[in-house]
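Look for chain A in each of the two complexes below; its partner is chain B in the first and chain C in the second.
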Partner chain A sequence: MTAPAAAPSRTPALPRLIGPIRPRPRWVELRLLLLVAAALAVGSISLNATVNGEFRLYDVQGIVIYVAGLLVAHLAQVLAGRRTDQILLPTAGMLGGISLLLMERLPQDLVTQSFFGTTLTLAEVQLLWLLIALGIATTIGIVVRSDSWLRRYKYTWAAAGVALLLLTFVFGTEVNGQRLTLDLGPISGQPSELLKVILVVFLAGYLSENRALLVEQDTRVGPLRLPPLPYLAPMVVMWAIALGIVVVQRDLGAALLFFGVFLAMLYVATGRFSLVIIGLILFVLGSALMATLFATIRTRVDIWLDPFSDPLGAGYQVVQALHAFARGGLLGVGLGAGLPEIGGRPPIPAVHTDFPLAALGEELGLLGVVAILGLFLVVVERGMRIGAAAADDFRSLLAVGLALVIGIQAFTIAAGNLKVLPLTGVTLPFISYGGSSLLANAVIIGLLLALSDKGVEPPPPPRVGSSRRWFRRGAAR
Partner chain B sequence: MMLGGGATARKPIGRTTFHVAIVLSVCFALLAGAVGYWSVVEAPGLVTSPNDAAVINAARTVPRGAIKDRDGNVLASNKKDKNGESYRVYANRAFSQVVGYASNIYGRAGIELAYDAELTGLASDPVADALAKFGADRFDPKDVTLSLSSDLQKAAVAALGKRKGAVVMLDPRTGEVLALASTPTYDASAIANPDTARDAFAALQDDPAQPLLPRATLGRYVPGSVFKIVTAIAGLGSGAITPATTYKQQPAAEKTGLLVQGFRIRDGHHPETGSTPLDLVHATEVSCNIYYALTGLGTGGKALVDYAARLGFGQPLPFDLPTAASQVTNGGGSQPGGFTDDVELANAAYGQAETFVTPLQMALVAATVANDGELIQPRLVTALSSDRTGTRTVGPSSMGRVISPAAASSITDAMVQAVEGPLGRQFTTGAKVPGVTTAGKSGTAELGGTGEPHSWFIGFAPAESPRVAIAVLVEQAGRGAEVAAPIAGDLMARYLSSGP
Partner chain C sequence: MDGFLIVVWAVRLLFLGLIYLFLARVIAALLRDLRAAAREPGDRPGRLVVLASPAGEPPAGQSFGLDVITALGRDVNNAIVIDDPFASAEHAVLTYRGRSWYLEDLGSTNGSYVNGRKVEGVSPIGFGDELQIGQVRMRLERAATR
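Showing the complex of A and B:
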């Protein structure tokens, strides 16, 4: 690597919050958003036709507010004049809109929350979170012009993430045998959702700094050619953290997500397939060990292997989800026509958090689910494209990592719904009910938007400085 | 072009990113495949399963299709309770063992269970299903038409009266079951009605007479002499005997009994037949145990079991209702066919030993002889119909040829002699249908101990071109000739006089 001889400045430029406003039209985004609005309107009318037999929007207020929110986000970006990606917002917006339609059509008393005296029900809460998420994504996409605050303080971020995790371990409340939720007064959140973003930031920082070493140097262990062992330390740490999540939170999904993102980013950075294989072996061995030690995990695996052995007991939700897909068939039964309620309850109790895909599978059918999976792939594709076009390794790895978080998380929960993998507690990005999940994914979309700016301030010169030396000392001890 | 792109010369990460993208795409393709697997490949089984939420829900809200007899009389219809949920009402207790019940508390039985998906309106062909989704109502309940004749079914239950027993009548040419009676019966409406279900069901479960047991299809009984027809089929079919075969041991052995490995097989007909050597027809006329024991030994255990299997023995019969498997032997022995020794084989040949049969199976034995040696699969459901999808009829299907028409004809002659011959009339009174040549065989199944034997009769009429085959069993009612045979004669006469 050759650094420019005269680096302009070592002092980080503060992010410019307000630059000169030069509006720049975003026709692609606008056209796609109009398409999204049309699709949501058709969906809403279809829902109303099924439920009430009326040929108009099901929840005029909700849909109008949401579409207006999307347009405001669009307008804000037009005004900001940045040359950011125009596909991400409509794609994520479509997924969020599907979420809104689904939440409107589920029994509203599945969730009730009181904010300052007013009680909101399922769809209202979800709409509120969606709007907040839109705001966050747009704000980050407009405001963030420099990434130095991320790349410079990566260890601080990592420490904050670990602290968050520890907080959950210690103070978290247990739901369904999983310690995922942290209660802060009236608001409860799942820190592991935010942790995944922090993880990607840390990994992007670490890997981009040490990439050359990891690629070019070898340690021979028998027939294997491995990267220098000290630099594998983070991998072992990650392995431990992932298993720690499994142990304390009993959350196979988050562990799978974290470790999957880690291995994928490691491969992207180094191109070493052997690392991925070793990582996978470690993960499978660790999981198998955990499965033998903990009854909760063993139960989940047993349910996964044969849910039909106890269709009304342990395997109930998984079996009902598969039944829902079966009822949907090729084309689905139509929005609002599915999920026959037994005694006033939907057949899948956790349909709004863990099984939204099963509900959509029933109502939109095979074609609808494939379309939704396609939307997730579009988000991933945009992220990777942004990563490939980015100016330096950190930005590349950050964009790819963030996209992978969405892709792998969607895969994990969808696979759980479909009995491809054991069912886990992670959410379906943009669609599942839940503030933590929506906010974390909004941060991801916002960062991807910011990273996609073709006119973003050039990255700071690579530092041959303190942090690497610090690590060498650390590793040598 | 990106700004700052030339700041550092770096190995591009595009290639590895592309690899990861491919892996993730494959993973998503796998998901799409999984969705297809569950929503298309596995869907037909899942959406009709009783665990399916839509099935559970439909059971509470959607009126089930009607069940009708062969003449269109409704056997099962619907009423609405005070909550607006519909429940079943059944026309007559005589049908309870066949039609069964559909209760939201106790589940389903009988045709209500076997055709639950169709009656609920969930099962259909995929095209109709896809179109139905665009309609307002996604359920398409089918009416199920049975081959049962209400008249015969009620007459059969009435003829059995307070005794425990079963009557199976079917058309040997088509396999259509005309009557499938089991007694005692029960009031299925009381189980289906949510107000009376709990008391009614509890009482039925506690009843020692087991009214919930469909004896005609699930009851397994010692057959006694009616099994001799199976032995005759195996003997003629395997070539071990001809219709003219006589045994040199007879008639001498009839006085003192035939000794088989120390076991003495006795007969009671010697005073009537005297010194005449008995062939197939005459041995059947007087129901000669020794003749059939010798035939069984000559045929061999393997051939006997094989021919019985061709008749449907050894596994549950393919039928619209659950059936029990009939057996010649329990198969634990080391001899060919699974017999313990020649004593068991000789006894099985005239329907004792470890031989257990269902009344439906014995009706099929009679029907096979009646249908020139070809076995037609028995069936109850003849048509499924709905306004939306029209009517689908179910045609007859063959279960294969058991014996040649010539052999079947010889056995028919023997069975006619058993009902109409000079001695047969004495042994089997009342089975004869007036004015019609009637073929049959009675049976008196000894149970050991002091209990009364089971009374059996199987037969068919008219012998020249049979239109009905029958099996009658009355539990512990005494000799077959005296109890079961008259019931069979009356029922066959009733059927033959009513229809074309």
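Showing the complex of A and C:
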């Protein structure tokens, strides 16, 4: 028998937009942040000892500014007084700090950018982006109290995402045979980084609206039980978009990431393994088709299968990365001691964007790489917990999807570096150099923080979505 | 020179050690969080929160823990009694099968509604969806929202 749970509980209060500011201490976060600061200081000293033979901080200014940024973000959250997650910020902060150490250690002229007359080099640009990312994550985590702006306008977001994609298709500039970068006057960026966030928002909205219907079992094809066929249409559309990205942009990484996130979210929403199997079959078919049609992709696969067949040409980066991991061994050679430069350049040209894990694998060894992968796992675990505790399906799917984006992306590029998968040009979240990547991941952390707040306003009343009505009519015919 | 090398290696290992200390602390915090979540009475598959109830029984704001099968209606033998003039004696049944909730209308006079749409036979519903029985509006929510 069911008994009414715990007498009349709280009435769903009206959303309080601006309440009195009640600071709420976040001791767990503060303790973890102090540990991050200590680790970064020791790492910096280790770097300086190796490079200059002095036991002092390598780049006092950079480290101090970064740690101060972390503490300001912490203080802002204490003052805001929201009961949000206390583990995400230190974890992402640790990854960002490792990134900063790595960028300080690499040759500074890999990247130079001029802002307002001053020229910034690699580590300085990365520090600037890290601080902006911290600001964005904290602001979103504090300010966002309602998710209706994401939930209501999911088709608008999807349209914006497709527009962004088309813009890149048409106006994008090609770098290394991949059309990824969008140059708009002074601003250039990789839209696919932002696109992954928009994709998760749209999928969370679509799947939470249609979840109940996807779970119903209607169609049977042999041993597989499928949902009503019209609901598979988005899957085919998604597949086509992923293929389109590969065809037009030659961007294997984004296609893999988008399709992987889509399948994972579909599985989380429906719990039906048959959908994942169909998705994987489609994926294999698509990959085979692409590999026969396009030489670039065939080359990628050939390099993956045997990089040593052309160690100085096509397979050069992958071979050098493997050597780096091998030199690193268990404990690594120490920060600053790896990657002897050949003629003033590191042997891996894209070490700061595509191969940071190889550099870290050399300098911090297997132990360091395992710790970094562990940090990514922590971020994913937090996303899953926030999703499990969320009040309704949309928030659950949003939290899980956002965390999975980071997890799948980290896995894709780590596996590419280690020659487990063909190399794809995605960034290692929080660690790779690059503004677009850092900003997109900051938005993800900010949204996860906002979603993790207990006692936030209840979800808005559901509405019958247009797609649902449309499919209903189709099914009735 | 050898002493210098030993100190350098000590600093390098200390750096790795601190990263692992951080990881250990984080994992300890995660375990605490998981244990706290496990201690809570989260064994119910969901709960029903009354949003609006013009007749006053059940009162708006009341929250019911749900069993796997929960009967709703005006009759006192229902698990959730909805004392509303527009509700039937045996109005509807909420069931939890697999990973999903379903609402079945038991041939009530005025029908049951999910998100404003009338239920014919059995209808799957998700967390966050709104049910209406008689004039009483309720929302299905996850049980473990702290």
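Worth a mention:
One rule holds in what follows: the second predicted complex is superposed on the first by the 443 of 477 C-alpha atoms of A that agree within 3 Å, B and C clash if a C-alpha of one lies under 4 Å from a C-alpha of the other, contacts with A are read in each partner's own complex, and residues count from 1 in each chain.
One rule holds in what follows: a residue touches a chain if its C-beta (ideal position, glycine included) is under 8 Å from a C-beta of that chain, and two chains touch if they have at least 3 such contacts.
Since this is a predicted model, take the numbers as computed values, not measurements.
Residue contacts after overlaying the shared chain place A:Ile45 against chain C, while chain B stays out of touching range.
When the two structures are aligned on the shared chain, A:Ala414 is found in touch with chain B, with no touch to chain C.
In the superposition on chain A, contact is made by A:Gly334 with both chain B and chain C.
In the superposed model, A:Leu375 lies in contact with chain C only, and not with chain B.
Of the two partner chains, chain C is the only one that A:Leu32 touches; chain B does not reach it. Looking at the shared chain after the overlay, A:Gln320 reaches chain B, while chain C stays out of its contact range. Once chain A of one complex is fitted onto chain A of the other, the partner contacts of A:Tyr267 are limited to chain B, with no touch recorded for chain C. Contacts of A:Ala389 after superposition: both chain B and chain C are touched.
Judged by the touch definition given at the top, the superposed model places A:Leu364 against chain C, while chain B stays out of reach. Shared contact residues on chain A (touching chain B in one structure, chain C in the other): 1-4, 53, 211, 215, 271, 331-332, 334, 365, 381, 388-393, 396, 454, 459, 461-462.
The part of chain B that touches chain A in the complex is made up of residues 2-5, 7-21, 23-25, 27-28, 30-32, 34-36, 38-40, 42-43, 45-47, 49, 51-54, 56-58, 126, 129-130, 133, 136, 138. Touching chain C in their complex are the following residues of chain A: 1-6, 8-12, 28, 31-32, 35-36, 38-39, 42-43, 45-46, 49-50, 53, 55, 86-87, 90-91, 94, 98, 208, 211-213, 215-216, 271, 331-332, 334-335, 364-365, 367-368, 371, 374-375, 378, 381-382, 385, 388-394, 396, 454, 459, 461-464.
Taken together, the chain C residues at the contact with chain A in this complex read 4, 7-9, 11-16, 18-23, 25-27, 29-30, 33-34, 37, 44, 47, 49, 51, 58-67, 70, 79-80, 98-100, 115-117, 123-130, 139, 141-142, 144-146.
On chain A, the positions that touch chain B within their shared complex are 1-4, 53, 211, 215, 264, 267-271, 311-312, 319-320, 322-334, 337, 339-342, 347, 361, 365-366, 369-370, 373, 376-377, 380-381, 384, 387-393, 396-397, 400, 404, 407-408, 411, 414-415, 418-420, 454-456, 458-459, 461-462.
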